[in-house]
Each structure stands twice: as C-alpha cells, then as structure tokens.
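After this come two complexes, each holding chain A, first together with chain B and then together with chain C.
Presenting the complex of A and B:
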C-alpha cells in the first residue's frame, strides 16, 4: 500500500480558535437560558395529554362524514382565498422586486428604499394582517384575500429582487451595445431571464398560502378556519377530524401539482 | 472612419486604461488589436461604442465627436456599431431567432419590439444572417442548447441583422477550441470583405492575428506600442508588444485542422 503524506493542517490563529469556542459556548448558554426561561411544567403537560388523549384522538380518526358537504365548500373558499391572494401578490411584488434589486438602478438609495418597504411588510404575520383587514373590510373572505396578498408580497418581492440581482447583466449590456433602449433591454434581456423563476416562486408561495389561508378563518377572515374554531369551541372532534382530513388532502394535492409545474418551468 | 485623438481614460479607482492614444481606422479595414490581458485592448474597443467613456481627448466616428453623446444620440451611434463578446451574451432561454432579431432592436420602435411585431423584411434579414453563418437549421432551438462555437455564430448573425457599419469583437474566440476559433475568425473576415464592414477584433493569439489581420495594433499598459500592416510584423514585433519572449501559449494553433 502506498503511503501518502497528509495535507498540512489548515493554519488557524489562536484568536480564531478562541472565537469558535466562544461562539459555541454562547449558543449553548442561549439554549439553556431559553428552556429555563419558558418554565415548562413537564409533569402537568404529560398528565393533561394522557387524560385528553383518549377523548380527542380517536374521534379525530373517525371523521364526521355528514359535515363533508360544508367542509368541502369551505375548503374551496380557502383555495380561492389563497389563489386570489397569491395572484395579487405575484403582481404587486414585481415593481417592488425591481425597485429593491441593486442592479436595476444606479444609486443605492432606491434599492435601499425597496428593501426597507419589503422588510416592513414581512414584519407582519399573516394572522395580524387578517385581524387588521377584518376590522377594515368586515369579517369575510375578502379580508382573507387582502391579508394573504399583502403577506405574500413581502416574501415574493424579496425573492423577486434576488432573482433580478442574479441575472447575467452582460446580456443586458450586449443589448444596449446594439442600440436597444432601456425598455427593449428590459423585455429582451431581463424578462426572459427572470420569468421562469418568478413563476416558480409565485406557485411556491401559493402552496404556502393554502396553508396560511386555512388558519385565517379563526379571526373571521373566511375559509375553513371559521369551522376549525367552531369545532374546537364545541369540542366537536369528529368534525375537526373531517376538517383536518380535508386540509391534508388538499395541501398534499396542491404540493404535488405545484412541484411538478415548477420542475417543468425552470 | 474612426479617429482617436489624444484619447486618455482614467478609471474612477485611478487606473489608467488608455494613455495618449492617436489612431485612425479607415473604412473597410480588418484591424486586430493585440496585447497581454490588461493592456487596454478591451478599453480601446469599448470606447468606440461608449460602453466606457474616455476622460480626455476626442473620439471621432464619421467626423463626429462621440464623447459628448448621451441618450438617443448614443443609441443611434450604437445602432451602427455591432459588438461580439467573449461570452456570446445571448439570452440563453430565448430561441435563436429571437436572439438574432434582438440585433434589430435599435432599428425597431419600442412598441413593435415588445409585442414581437417585427417587419417582414427584418425577420427575413434575421433568417438570411443565420444562413450566412450556417446555423439556420437551429432557428427554433434555445440558445443554451447550442455549443460555444454555434452560440458565437448566432451572435455574429445578431450583429449582421443589425446591419452595422462597424463590428467590434472583444476576444471572440477566447472561450473556443482551435478549429472553432478559426471558423469564427473566417466568418468575421468574410463578412468584413463581402459587406465592407470595418472590423476591429481583440485577440491575444499571435498566429491568429497574423493570419486574419490586415493591420495590427499592439498595446501595452494602455499605450499603442505598434501600429502597422501585417506585412511589417514579425516575431520580434510581438516580443516588443508583449515585453517578453513569445511562448507556446501565445499561439492558438490548429490552423491546418479547419
């Protein structure tokens, strides 16, 4: 057997080693502190789970088929809310994405403003937006659509801006060297490079929005969530089983379709 | 006619890209710029279509100083100057025809181009250009399905479709293998002769420069250190331009294979 000489050890200053150890200790300390801080009463948690387990879980597994009609109607509404919301977001996010992209404007100011707007939007959880819109437009599906639209715009705008920043700018330079104006360079050089990714992200976000919109009804913004909160309050676990079954089926189907479409376009 | 008069270019970071350049390029010439990388060849040809802007002197194209051009003047200038790049710079996801039609953008209104409403003669011209570089059978293939040499031919077709008066080629064969390199250079030379398009090519391979150029301009450290017809050039000239002895990797080779 041939003997190989081992590669030299990576040179590392003692300061770097110290830094690594320090970071490791800091992270461990953070975890310990968090778990002590939230004060979990393990014995009580186990007791409650044990006493409720036989009352709730078996019922979840025997769904109330009589509710199937109403559930399917509500789940359809949930899908519509998610679709309308993510569609609005997919369009609203385009100008914001371009605004936030560093390579689309000369100065840094515009891109900074765009990024700031997008972070500000992302700071709101969907459920908070839903509460705000229920107050603004009343407790109906439209509130849900708006909540989804705004919530998704934050994320999509951010992803769009990253797609725009990753394009090959030399192609755009080549267009401009041919005498194309800015609008032509946008349509011929930029759009073909970004459209597939934009679509893919929009579909992915629709997938997330299906899950998000199933919860919005809890605050009265339409969709299946309204039924969830009623079933939970009435301890109607059979109906809850039916609702969960419907959500699982729909989410799985949408995930499957979305994955297939996304694989096709990129 | 392209005239560099006392052209200098200092980049914002202080590097001098061009120093005191005085060169006149006549219509119909096939000029090859040689020099080591960083010598200023790219800066020289990119000044001509103002992808970079010289900071001193004057640059006349067809007797007009182009250094003050902005906006629509600049686009008009660029419409008559075609450019070929080392990385082809095609839109990879668009098909060949669409890439070639992009050469017409400077001649086409914004509205027409956005909605793909090209004039019939433009589409015909695009197809004709593809035929001239022998790649017309790939018309509806996506650009990223083609090999490097094929992509470079598409980019030549794009420039042809532009109907330019000048063609600039910035290291057009640097990413290609020897036989393909010769093929691309042969097309450029043929177009130069047939259409009488003034062509300026950056190369760093000595043998290719000797084979295709009418005139060679040598650059070193931002200055023109040689300018003359190819008949006056010997290995010694290149040693002067490069400031060192000639090595194996200064040659592309493969002239006999193509």
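Presenting the complex of A and C:
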C-alpha cells in the first residue's frame, strides 16, 4: 500500500520567521493594550438598552409621515450641498491631480509635493472641515458645500493623479515628435485619454458626498443632518425613522443612477 | 474612402466627433452648470452678508484657531487612545462577523437564490446609512458612552467589509474547489482548504482598509456623544476655546496620517 504524504514545506529564512513572530507579538500587544484600556459600563448599557428598546426601535420602523414635507425639503438641500461640493472638487482636483502625477513633470519633487498636499487634505475627516467652515462662514449650507469641496478634493486628486499616471505616453511622445507644442499635446494627447475616467470618478465621489453631506448638519452645516440632531435631542424617533427612510431612498436612487452613468462613460 | 480623400483634398477635415454627440455633451454640460449655479444660490441664501463677506470673515476666524494650544496634548491623549481602541475593537468584531455574511452574499457559495438576494439587499440598505446617523440612533438606545460608538462602527464597517469580501469570494478560481468536492471533501473542508488560501491576503488587506475608515469615523463619533476624542472636541468648541480645539484637530490629523501610513505599508506588503 502506498503511503500518502504531503509535499515538503518550503524552507523559510530565519529573517522571515523573525518578521512573522515580530508581527504576531505586535498584534498581541495591540490587543492587550486595547482590552485593558477600554472601559465599558456593561451593566449600564444593558439596562439602558432594556428600558429604551421598546421606546426606540418600534418607532424607527413607523416613520412620521407628517414630517415628510420638511424632510424632503432638507434632503433636497443635502443633494444641493453634495452637488455643489462635488462640482467644485472635481474642478479643484484637476490641477492637483496633474501636479501629483509622476509622468507630468520631470523632477520627482513636484509630484511628491502634490501627493503630500493631497494626503494631508485626506487626513481631515469631512466633518472636522465642516466644523472649521461653520466657524468661518456661519452655520449654513454653504459651510457644508465648502467642507465637501475641500474634503473631496483630497480623494479625487489622488484618483485623478493615478489616472494621469496610467495614460499611454507614447501618444504624447509621438505628437511631440511631430512638432506639437505642450498645449497641443495636452489637449489632443492627454485629455481624450483621461476625461472619461475623470468624469467617472467625479460622479463616484458625488455618491460618497451624498452620504457625507447628510451628516454635516450635525455640526450645523445644513442639510438633513440638522433634522437628525433635533430629532435625536427631542427623542422624536418617529421623525428619525422618516429621516432614515428618506436617506436610504435617496442614496439608493443616486447610487443606481450614478452606477448606470459610470458604466456608460467608461 | 473616396469620400474622405475628397474632403481632404478640398481642405476641410472631417469632425472628430459626430454632431449628435456634440449636441448631447453641450446640453449635459449646461444642465450640470445650471444645477451647480442653482445649488450655489440655494446654499448661500441663508448666509448673512453673502460670499464676499464670508471670505473676509473666514480669515478673521481662522486666525482665532492659531496658534493651537499644544500644551493640552497630554490631557487629550487618553480620549485619543480610547478612540483608537474603539476602532480596533469594532474592526475586529466586524472582521469576525463579516465571514458568514460575506459567504451568504457571494453568488458562487450561496446557491440558494432567495437567501443570497436577502443578504445582498440587507447589506445594500446598511451601506446607505452614514456612520454618524447610526451613532445617533445607538446613543439614543444605549445612552452616552463608548459602547454605542463601537456598535455603530461595527454595523457601519460590516456593510462595507461584507460587500468587498463577497466580491473577492465571487472572483476566486472555482476549479480547485470543484476538484476537492469531486474527490470527497465536505463543504467545510472545501471552504478551509480551497477558499481560505485564495481569499486570505485580500481579506487582511480589506480589514486594514476598513480599520483606516473606522479610525476616521471614530474621531468624530464623539460629536454625537458616542465617546472618544470627538466628545472633547465638541466641548472645546462649545466653550469657544478655539486654540484647544485646533490642538485636538492637529492631533487627529497626525494620528490619522500615521495610522494610514502604517496600514498602507502593511497592505502593500500583503498583496
């Protein structure tokens, strides 16, 4: 009878073994730190949940239709904030995207600066930007627009720069060899290659911005978030149910339309 | 062919794009600009003093934030650590819970169609709700503290993670799995020896990605009372203590950058 055995395992270098053990120890240390550090008042949370459950959950599922008018007006404002913000970002991100792209400038310095600016912008959560702009321009929807515009520029700029880096440079070289100047090469060599993907990413970012702008109102930057915070403070969970329903519907519709358009463009 | 050479000989080049496309693009362009202008008008209508005033005001107000009062850093380190711990716990729990959900919403594993559509729809609905809205609801349910924040993060990241991982599962090479089943492996064996090795690197990478998202989300959860550094930020803003608030924002900025850098390096090493 033949004996079955597994093929021999690959020899691992001691450096790799050491690295594995080190990572394992680091992860264990991280978890020990986490579970020792966190303190959750379990009894209080369970008590609260037990007493609040029937007051909150059933009401969330029976939305207050009387608030539908106000909710739809605010959700429209949310869409406007997201649209204006995404549009500004789609424009603002173009120069930054080109700046950060490695193949658009000779030296490495410019693209490094561009990448650094973009990742710095991305490190700010949208809502922190909203706080800054609410203080600057007052608690209104325009603060939300500015927050969305700046916040989206970080991500769009990065995506744009990746698109620019992935273009076929041979076309551009051929044009320059034929005597086209920089502007002509940009317009006829670079732009046709990047416009569909730029558009697609801008629309994709609009999807994300709809979600983002729906919470900006929590810090006073307009949109449906204003109603969320009022409903929560007044414990008006029926109204909260209506707001949640509106957000779910609007986000689903916009995701659907945007996915359709993006599939058509690219 | 002959027609083209004719037009060339006459000195007129044929248009690159057909006329219909041009009209379409022009119409779409003007609609987009129109909606944009209307949005700008709408969002600025409650503003006092209009745009020009706001720009001048902005400079004055931004000056109030500077210089950040960095001497409070030792005092705000504890809530910051708590925020990171929240994100770690939430990501871990979500990573565990996502396994059954991702399997249920992968078309090639869950062959029972109604179940597949049910989990898919559930995840789609889950993903439409922003993290802070979940936090508001859970704060209402569990009271103020870390716990509602963690629950909100878990639910929120579950939606993203399950979708990403189910897509990875759908993209795996099914041949080894079929071979295993054909040679007598049961469903658990097929999953462990056929599916897991193919999915694991992607899985780890996505978990790290969601961890990054959770870090960003957790720093602001406190604004609605769900614990962490956001709570302190909210208080300082409430006292109009802008240099302190700016110090917190700077700390958040640095922590997010550092964690993102580490996580990026790890993800690059994985794939």
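Rule of thumb we're sticking to: the second predicted complex is superposed on the first by the 249 of 266 C-alpha atoms of A that agree within 3 Å, B and C clash if a C-alpha of one lies under 4 Å from a C-alpha of the other, contacts with A are read in each partner's own complex, and residues count from 1 in each chain.
Heads up, the rule we're going with is that a contact is a pair of C-beta atoms (placed from the backbone, for glycine too) under 8 Å apart; a residue touches a chain by one contact, two chains touch by 3 or more.
Computed from a predicted structure; not experimentally measured.
Trainee: Is A:178 touching anything from chain B or chain C once the two structures are fitted on A? First, second, both or neither.
Mentor: first
Trainee: Could you tell me if A:170 is touching chain B, chain C, both of them or neither one (first, second, both, neither)?
Mentor: In the superposition, A:170 touches chain B alone.
Trainee: So in the superposed three-chain picture, is A:189 touching just chain B, just chain C, both, or none of them (first/second/both/neither)?
Mentor: First partner only.
Trainee: For A:237, select first, second, both or neither according to whether it touches chain B, chain C, the two together, or no partner.
Mentor: Second partner only.
Trainee: Which chain, chain B or chain C, is in touch with more residues of chain A?
Mentor: Here the partner covering more residues of chain A is C.
Trainee: Determine, under the contact definition given at the top, whether A:31 touches first (chain B), second (chain C), both, or neither.
Mentor: Only chain C is touched by A:31; chain B is not.
Trainee: Touching residues of chain C toward chain A in the complex: what are they?
Mentor: Residues of chain C touching chain A: 32, 35-36, 38-40, 42-44, 46-48, 51, 54, 57-58, 61-62, 64-65, 81-82, 84-86, 88-89, 92, 124-125, 128-133, 136-137, 139-143, 145-148, 150, 216-217, 219-220, 223-224, 233, 237, 242, 245, 249, 252-253, 256-257, 260.
Trainee: If you look only at chain A, which of its residues touch chain C in the complex?
Mentor: Per the touch definition, chain A meets chain C at residues 30-31, 33-35, 37-42, 44-45, 48-49, 52-53, 56-57, 60, 77, 80-81, 83-84, 87, 119-120, 123-125, 127-128, 131-133, 135-138, 140-142, 144-145, 211-212, 214-215, 218-219, 222, 225, 228-229, 232, 235, 237, 240, 243-244, 247-248, 251-252, 255.
Trainee: Can you name the residues of chain A that touch chain B in the complex?
Mentor: 168, 170-171, 173-181, 183-184, 187-189, 192-193, 196
Trainee: With touch defined as at the start, can you tell me which chain B residues reach chain A in the complex?
Mentor: Those residues of chain B that touch chain A are 49, 51, 75-83, 85, 87, 89-94, 98, 102-103, 105-108, 110, 113-114, 158-159, 162.
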